[in-house]
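The following pair of complexes shares a single chain, chain A, combined with chain B in the former and chain C in the latter.
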Partner chain A sequence: MLTVDRREFIRASAMAAATLAASRTSRAVSLPILEEQPEGSPLKWQKAPCRFCGTGCHVMVGTENGKVVAIQGDQKAEVNKGLLCVKGYHVGLALYGKDRLTRPLLRKNGVLTPISWDEAIKTIAARIAANPKGFSFYGSGQWTIPEGYAANKFVKAGLGTNLVDANPRLCMASAVTGFLSTFGVDEPPGVYDDLDKCDVAIMWGNNMAEMHPVLFSRLVDRRTRGEKITIIDMTTRRTRTSDLADHVLFFKPHGDLAIANGIAHLLIKNGNFDRDFVAKHCNFRQLGTSEDPKAAPDMLGVPMTLDEFAKAVEPYTPEKVQELSGVPAEKIRMLGDLFGRRELRVNSLWCMGFNQHTRGTAINCIVHGIHLLSGHFGKPGDAATSLTGQPSACGTAREAGTLCHMLPGGLAIANPEHRKHAEEVWNLADGRISPKIGYHAVELFKRFNTPTDQGGDITTVWVQVTNPGQTIPNLQRNFLKKKGLADKFLIVSDVYPTATTELADLILPSAMWVEKNGMFGNSERRTQQWFKMIDPPGEARDDAWQTIAVSHALLEMGEAGMKDKSGKWLFHTADANGKEVPIWDWNHYYDVNVDERLFNEYRAFSRFKHKDLAPYQEYVKSRGLRWPVIQQADGTWRETRWRFAESDDPYVAKGAGFQFYHSVTKDDKALIWFRPHEHPPEMPDDQFPFWLCTGRVLEHWHTGTMTRRIPQLHRAMPKAYVEMNRADATSLGIRNGDLVTVKSRRGEIDLPVWIGGRGDPQPGSVFVPFFDETKLINLVTLDEYDPYSKQPDYKKCAVAIIRKA
Partner chain B sequence: MADSPNLSRRDLLRGKFRAGEPTAPQQTPAPDPQPSARIGRRFALPIHRPPGAVPEAAFLSGCTRCNKCIEVCPVGAIVHAPERFREAAGTPMIDPYSAACVMCTDTPCIAACEPSVLQAQRPKKMGVAWVQHMACLAYTGSFCTVCSERCPVEGAIEVKLGKPRIREDICTGCGVCASVCPAPSNAIIVMPLADRP
Partner chain C sequence: MSISGLVVTLSEDPGTSELAVTLLTSDRRLSVGERFGRRIAVIAETPSAEADRSLWDELCAMPGVEFIDVAYVGLDDQAAPHSPPLATPKEGTHAHS
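On to the complex of A and B.
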C-alpha cells in the first residue's frame, strides 16, 4: 500500500502553495474561469465591474433565488486578472445592510413620513416648476453613464440651465484642467498596461497600496517574476506604499510644485531633455501677466520660448528645491537623472494628492510638462496617469459631462460651437442651451446654505448617489446652515441613511449596482457594462427612472422645455416596432433596455472629441473597452491604448509619430506649462501648529456608507482616528489611544490618537480618514479651492491638537 | 498515517512529526505528567481558557463555575463552554471568533477568580494564532495589515514586505487577529494550548 508520510504531505502542499503564490497572478489558488451558467446549479454567474473605486476591477457575481450569494474576481478581466482587494471580495454585502431605504419619505412637520412614489415625483416636479433657476442636480462619479447622461440632459436641455454638478469636482477636477490645458482634451493618454511595462514608477503623493491595491499589486507583482522595477514614493506621510518603495522622499505639504519644477530645471540645465520631441510636438506656455489667483481664471496663458522657459525654471536649483520642499538636493538630482535617461520607461501616478490641491491644475500641468520635456510620453511604460477614486468619475462626470461647465463628450458650455453641436444631437432649438456656466460643487452648496434674499439663489437641490453631508469641506458653513432656512428643499436619492439624508426633506430609495442595468467608465478610459441581476428591495427604484419620471411629470404639467424642437419628449423611447414605451411608468421601465437607449443617444457625442464609443452590444460581450474604439475594416471594434501615439492611436496621421490632435494651439502640439511654486492659502502658525491631511483607508470606500455596513470591513477598521508622529505626540504628552481635539478655525472634532499605526505622518502634520460619519473631519477642513478647477484642498489646512483631560 | 502508530494527534498538534524526535522548535514543555487530563480512553479537547489559567486538570477540578470571570470581562469574551466540550461544558472559555480577549492590562477576570484557577503570576498565554497563507489577502496578491495593527501584544505579529508573520513565542492566542481578519474566509486559526505550563 502506498502511504504518504504526513510530513511529506505537508511539505508537498506547502510547496504547491508557494509555487502558485509566485505565479503570474499571485493567486494562491488557481481557479477555473467560470462559465456564466454552470450546468445543474441554481447559481448563476454574471460579470459586473466592482461598485467601489475607479480601478475598474471586474467581479463575477453569483446570484441565486434573487440574491447575490457569491463574488469572485473575474479571471477574464484585463484590469484585475481575477484579483480583488479586500473591499472587492465583499462588494456583494454592500447590498444587504440592515437599514436599506425602501420607501419614499417626505419630511412633514419635521418627521419623515412614508409617501407614495407618485406623490414623491409630483412633489419634485412642482418644486422645480415653481423655480427652475433655483434647482440644481448634484450627482457623482457613481452615477452610471446612462443615469448621469439622463440627469445632464434633463437639466441642460430640459430646464435650459447648467445647474448640475457632481462630486468629481471634489475629486478629479484638477486632473481634468491639467489634461485640458496640456493636451486640449481630457483623460489620460496612457493606460494600466504602463504599469506592466515601466522601469520606474513614481507615486506623487499617492498611497496606491491602500487606494488602488489591485493596481499596486499588478506593479509589485512584477518583482516576484524577477523583473526590476524602481518604485519612488513621494509623500508627506509614511504609508503602506512606502514599505514597498525603493526610495521614499518626504516633502513638505505643497512642496510638490517645487520638486516638479526642480526636475524641469535639471533637464534643461543638464541638456538631457528630448530636444527632438520638444521641437516637433510641444509649445511652451505660461500664465498671463497676472498670477493673482483671484483674477479671472484663464487656461490659455501666453506663449513663451524654450529660452524663456529655461529662465523661468532657472531658480529651481536642487538646493532651492530642498529649501522649499524638504527633499534632499541629491534626491532631486536622482529624479532629474531618471527623467533624463531616455532608455528608461517612467510612469508617474497620482490621485488626490495632486488634485485636492489649491494649485491642483498647476501641479498636474507641471508633471505633464516634465514628461513631455523628457520625452517620456506615449511609449508603453512612459506615461503620466491620474488615477480616479470613483467607479465612473471618468465615464460619467468627465465623459458624459455632468459638470456645470460641460456637455457630454467633453464639450464645453463656454464654446458656442460645442453648444450648437449638442443642440443638434438633442434636436433642440438654436440657443436652447444656456451659455451661462452653472455653480460648481462648493459654490452650489454655499448658495444653498445662504438665505435666498441674501444671494442664496439655489433653493432646491437633488442629490443622487453621493453624500455631500460628509464630504463638502467646511460643513458647518456649507451644509449644516440649511437647517434654519425654511424655503430650502433637499431631495436625496440613496440606498442607506447618510449624513446627507439627515437634513433631507425628501428621501427617495434607490436601486444600486446589480439591482439595475449600468455602465461605468474607469481611470484608463475603459467603458464597462453590466445587466440587472436581482430586484431592488421594497420600493427602491433606479436613479435614472427617477429623473425620467420627474421629466415626464413636468411634461404633463406643460413644461415646454421637456420637448425637443419636433415636439417629442426628451426621453421618448420606442420599441422595435416604433411604438412608444411608457418608461416613466415603473411597471414598464424594464420593458426596454433604457440604458441601451440612452447610451446610443450619448454615443453621438463621443465622436466630436475623438472619444469614440462602440455600440452597446460590444460592451455586453467584453470586460470593457478603452476609447477611442474604432471599427475595423472587417467590422470588429478595436480599442486604443496609447492615445496620440502613432503606434496605437488610429487618429494620428501616418508618419507623424505623435499628434496632439486636440491641441490648444491648434498645431497638433501639446503645451509645456511653467507654473511657479507658491505657498498654500493657510499654513500652520502658533495658534494652529499642525498640517491636517485627510484621506481614505484600504477597508472603507469614501464616506463608508456601504463599507461600514459590511461586517468584515467594519470590524477591520471600526472608527476614525488621528495619526500623529511619535515625536509630536511625546512633546505634547499624548500617548497612543489618548483622546484629542482636532481644531481648526472652522470647527473641531474629538478623535483617538494612533501613533506608529498604518501611516506615519511627518513631524508637524497629522492625518485623519474621512470614512467615519460619526467623526466628520470636514467640519475642520478648509473650503479654499483651485481657481481653475474649483476643486477644494482636503489635504492641507492648519489645525491644533489639544489633549482631552 | 497508518504507518506511524506512535504518533498521537496531540503530538502532531504540538508540532511533533515522528516518534522519538525532539518536539517542535518552539519550547513546548514536557507533556503533562498528570493522567487526569485524560478522561476515560479519550483526551480532553483542548480548550481556550481565559488568561493565566492553571493546567487543565487542576482547572477542571478547581473551577467552581461561579461565573465571576464571565461577568467582569469588559468585552464579553469569556463564555460558557458548550456541550461539545463534554466534562468541560459550562466552564469559562474564550471563543475568539465571536469575541476575542483584548489582553486587559489589569486582567479583571484574574482578579475576580475566587478559586484561583486564573492566576496573575502565570504566563498569559492561552494559545497561538496561525496565519493560513492560502486565505490571507497579503499572501494572495492583495494588501492587508489589519491583524498586525490591531494585535494587542507588542511584537507578536511582524509585517515583512507587507506580509504578516506570527511570532509564536510572543503570541498569547488572544484571538484579536482572528476577530478582525477581513479576508473572505478567515485566514487566522487560533489554537488553544494543549498543555499549559
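On to the complex of A and C.
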C-alpha cells in the first residue's frame, strides 16, 4: 500500500506530466524537477542513457530493494534537459515482463530443456571448434560498446574470420557509406545543438515527431518561445510531423533522389551556390563504370569538374523533378531558394527513409552534396544530420566496428594498413586478421537458411540483443527455412522470448540495461556510461560475459587463436596488483570493471581516424562526451561539436577554415557527388498495385519485445494494422477496421485496416508498422539492397490489398 | 495501486466533447485537470492492473474521446506487468513447426 505522502507525490507528478503534455503540441513531457532527494528517501538515484532510441536521452533511475521503482528525466543531461518521451518514462517497466528468460534452454529432441551455464558454454564452444569458418555472430546496435567490442575481437582476432555483422546493417549502413563517400570518415559532422540554431529544419522522409520526439520538441519549443523556424516535412505519407510542419511535400518513392538533384540544379542555375566554399573545400565526383556489368561501380568514383556536374544536374528542372517525384515545381523552387540563401541556417534530418533504400548511399551523398554546394555546412544550425534508431548503432556497430567489413575505430578490413594497426593493438601475429570480408546481414541469413550441401556455408549463428526472426526482410526465404535444416544451430541471447527464439536451438538469458554495466554511443557522437544498479533475474548474465566465457572455453580446448602472439588470452584481465582475475567465471566477473578494461583497450583504436575517446572514468563523471575528445593543457577533456570546422575541431589546421582531414581525394576536400535518379527495383503493377512502406510507431520500440510488455504502451497501441488512403479503401469497398490480406510476391499477412488514423498514406500506398510479432510484415517485404551498403529497403515494395470476406 | 497521467484528446464535435468532459469529471477513478483546447489532462487511479486495463478500455470507447496519450506512469509493486499474448516458446514445448 502506498503511503499518503508517496501517493500524493505520484499523483502530483502524474498531473504535472499530463498537464504539460496537454498544453504542448510536441510529444515530450517533463516531470517536476527534483533538485534534492527528499530527506530519508529510500530510493537511490543513478544516471543512465535510456534503453530505447538513438537520441540518447539520459534518465535518472530510482531503485529500491533491488528493483527499479521510478524514472525521471535527467535535468543535467544536455541531450534532453530533463525531458523524456512516453517510452522513456516507461523504460523501467521494460525489465519486468512476466516471461523474462531466466535459464539457459537447450532444445533436446525438439523440447526446450533447462541446462546449466556450464553446459551451455561448452555446447557453444564445441560447435564453434568443430567448424569455426561456419560460425557467425549477429549482433546489434543495442549491444553496449564493450559487448560489441568483445564479440568483434572474439571473431576477428580469436577465430581469424570476419564473420560478424549486426542489425545496423538494416538501419544505418547507407548513412555510413554516405559519410565515407563524402568525407572519408563516418558519422555526422554536426550535433543536436544545430536544432537549436537552425532557421529551417527539413525532414527528409523522417517522422521525427514520433521517432525522435524529444529532439523534435526542441524545434517546436523554439516556436512557443516566439522564434521563427520553418519546418518542412518531405514525406510519402502524412504523419504527426506533417501536422506541425509549415510545408508538407508528398513525394513518390525514390522521388527524394530527384528532389535533391533538383535543388542542386537550381543552386547552379541561379548562381547562388557558395562558389568560394566549393572551390576551397570540395571536389566533384560521379560513378565510374564497372567491368562486370552485374557489379556496381566502386565507391571511389571518377572525378568530374564543376561544369560537368552542372551538366549532369541540368535535366533536373523543377518540372522534371515534379514529374519524377510528384512534388510541385513551385515547391522545388522554394527549396532551391532556401538553400540559396546564405543568411539562413538549414538543418536536414533523415533516418530510415534515406537509409532503408536501394539507392541509400546515393541519396545520403546527394544531400551532403547540396549542403556543401550551398555552404550550409559546419556552422551551428547548418548541418546534414542522420539520426539513428538504436541506442548504440553509432557507438557499437559503427565505432567499435562490429560489421563484417570493419574494424574498431572506423578502420576497414579491406585496408592493409588498418589491419596491421589492429594486429598491433591486439598484439597479434602479422596477417592474423583476415583480408576476406565476411557476410552482411541478408547474405549471412541467406546462407544460414540454405542447405549446407548447396552452398549454405554458415552452420552456426549466435544472435545477441536483436530479433532477426522479425526484422530480416523476406522472412520466408531468409529465416524460416532454417526449420527444415537439421544441421544448422541457432543460439540466441535475449531477455524475452521472441520470433527469433522460436527457432533457436539454444536460448541464453541475458541481463538487460541497468542490470549490467554499460556504454552506448548516440546519434551525435556522444559516448555515454552507466553502472549496474540491480541484479538480473534468475540466472540471466551479461552478454559480454557469455562471449568471454566461450572464448575461455575455446582456449581450454586448445584453440590457439584465443591467445595473442605473446601467449596471453585475448581477454586476459588483471587486478590492481597484476594478478589475473578469472572473469570467465561468473562469480568473479564483477570483481573488476570489465567494461572499463575493454573500453580502455578499445580507446587505442579511436585515435587512428580522429575519433578520439576519453578514458572510461571521464564518462562516469559526465552525461556523455562527443568525440573527438581531446585532453587540454589543464588536464580536462574537451569534446568536439562541429567536426572539420576550425571554429571547433582541434584537428583542423589553423587558418584552414574547414579541413576534411580524411578526404577521399587526400587533399583535405570533401566530395560532392552526382548520382542520378533511378526507379526502385520493384514497382506496383496490375497484380500488385500498391506501394508498401513499413516503419515504426511512437509507443513501440522496434520489434516491440520490450514495449509490448509495458502495459500502458501495449494498451495505447496493442496491435499492428495497415494504413490505407481513404479513396483507395473506398474504391475497393474496404471500411475502417475491415480485415484485409496484404500480399506480395514473397508472402502475405492479414491485418485490420486503419483509415484516417494517425498516419495517412498517399493514394496508391499503404503503411504497416513492424512492432507486432503476431503480424510479421517482413514475410511480405523485399530483400533487395543498396549495392554499396548492403542495406535492404523496407520502404518500398509492391503489394496487393485483398478484402477478406 | 496504479496511477497514470493521461492526455485525453476530445472530439472536434462540441456536443460529444462536452459529454466526454462530463463523463470524465463524474468518474471517481479519474481526476480531471486543465483543458487546452481539445486536450485535457487526466490522472487515473485504480486499485489493480486489471482495473486499470478495464478503465482504459472504457475511456477508449467513451463517446467524445478521440485519442488517449500516456504521459506518466507510477511504477508500483502492485501494478503487476501484463504480458501480451505472444506466440513464444516456453520450457518443455516443442519446436514451432
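We adopt the following convention: the second predicted complex is superposed on the first by the 759 of 805 C-alpha atoms of A that agree within 3 Å, B and C clash if a C-alpha of one lies under 4 Å from a C-alpha of the other, contacts with A are read in each partner's own complex, and residues count from 1 in each chain.
The criterion applied here is as follows: a residue touches a chain if its C-beta (ideal position, glycine included) is under 8 Å from a C-beta of that chain, and two chains touch if they have at least 3 such contacts.
These numbers come from a predicted model, not from an experiment.
Asker: For A:83, is the partner it touches chain B (first), chain C (second), both, or none of the two (neither)?
Answerer: In the superposed model, A:83 contacts chain B only, not chain C.
Asker: According to the stated criteria, A:712 is in contact with first (chain B), second (chain C), both, or neither; which is it?
Answerer: Both partners.
Asker: Specify the partner with more touching residues on chain A, choosing between chain B and chain C.
Answerer: Partner touching more chain A residues in the overlay: C.
Asker: Which partner does A:303 reach: the first (chain B), the second (chain C), both, or neither?
Answerer: Neither partner.
Asker: Taking the superposition on A as described, I'd like to know which of chain B and chain C A:431 touches: first, second, both or neither.
Answerer: Once the two structures are laid over each other on A, A:431 reaches no partner at all.
Asker: Go through the superposed model and pick first if A:214 touches only chain B, second if only chain C, both, or neither.
Answerer: Touch partner of A:214: chain B, not chain C.
Asker: From the superposed pair, tell me which chain A residues show up as contacts to chain B and also as contacts to chain C.
Answerer: On chain A, the overlap between the chain B and chain C contacts is residues 7, 17, 21, 27, 29, 86, 89-90, 712-713, 715-716.
Asker: Using the touch definition from the top, list the residues of chain A that touch chain C in their complex.
Answerer: Residues 1-2, 7, 10-11, 13-23, 27, 29, 31, 67-71, 86, 89-90, 92-93, 96-99, 103, 105, 107, 110-114, 483, 496-498, 501-504, 507, 708-716, 718, 773-774 of chain A touch chain C in their complex.
Asker: What residues on chain A touch chain B, complex-wise?
Answerer: Contacts found on chain A: 3, 5-7, 17, 21, 25-29, 83-86, 89-90, 209-210, 213-214, 216-217, 221, 240, 243-244, 698-699, 712-713, 715-717, 757-758.
Asker: Can you list the chain C residues touching chain A in their complex?
Answerer: By the definition above, chain C touches chain A via 1, 3-7, 31, 33-36, 39-43, 45, 49, 52-53, 56, 68-77, 79-97.
Asker: Please give the residue numbers of chain B that touch chain A in the complex, ascending.
Answerer: Its residues touching chain A are 1-4, 7, 12, 17-18, 133-134, 137, 139-146, 149-150, 159, 161-162, 179-184.
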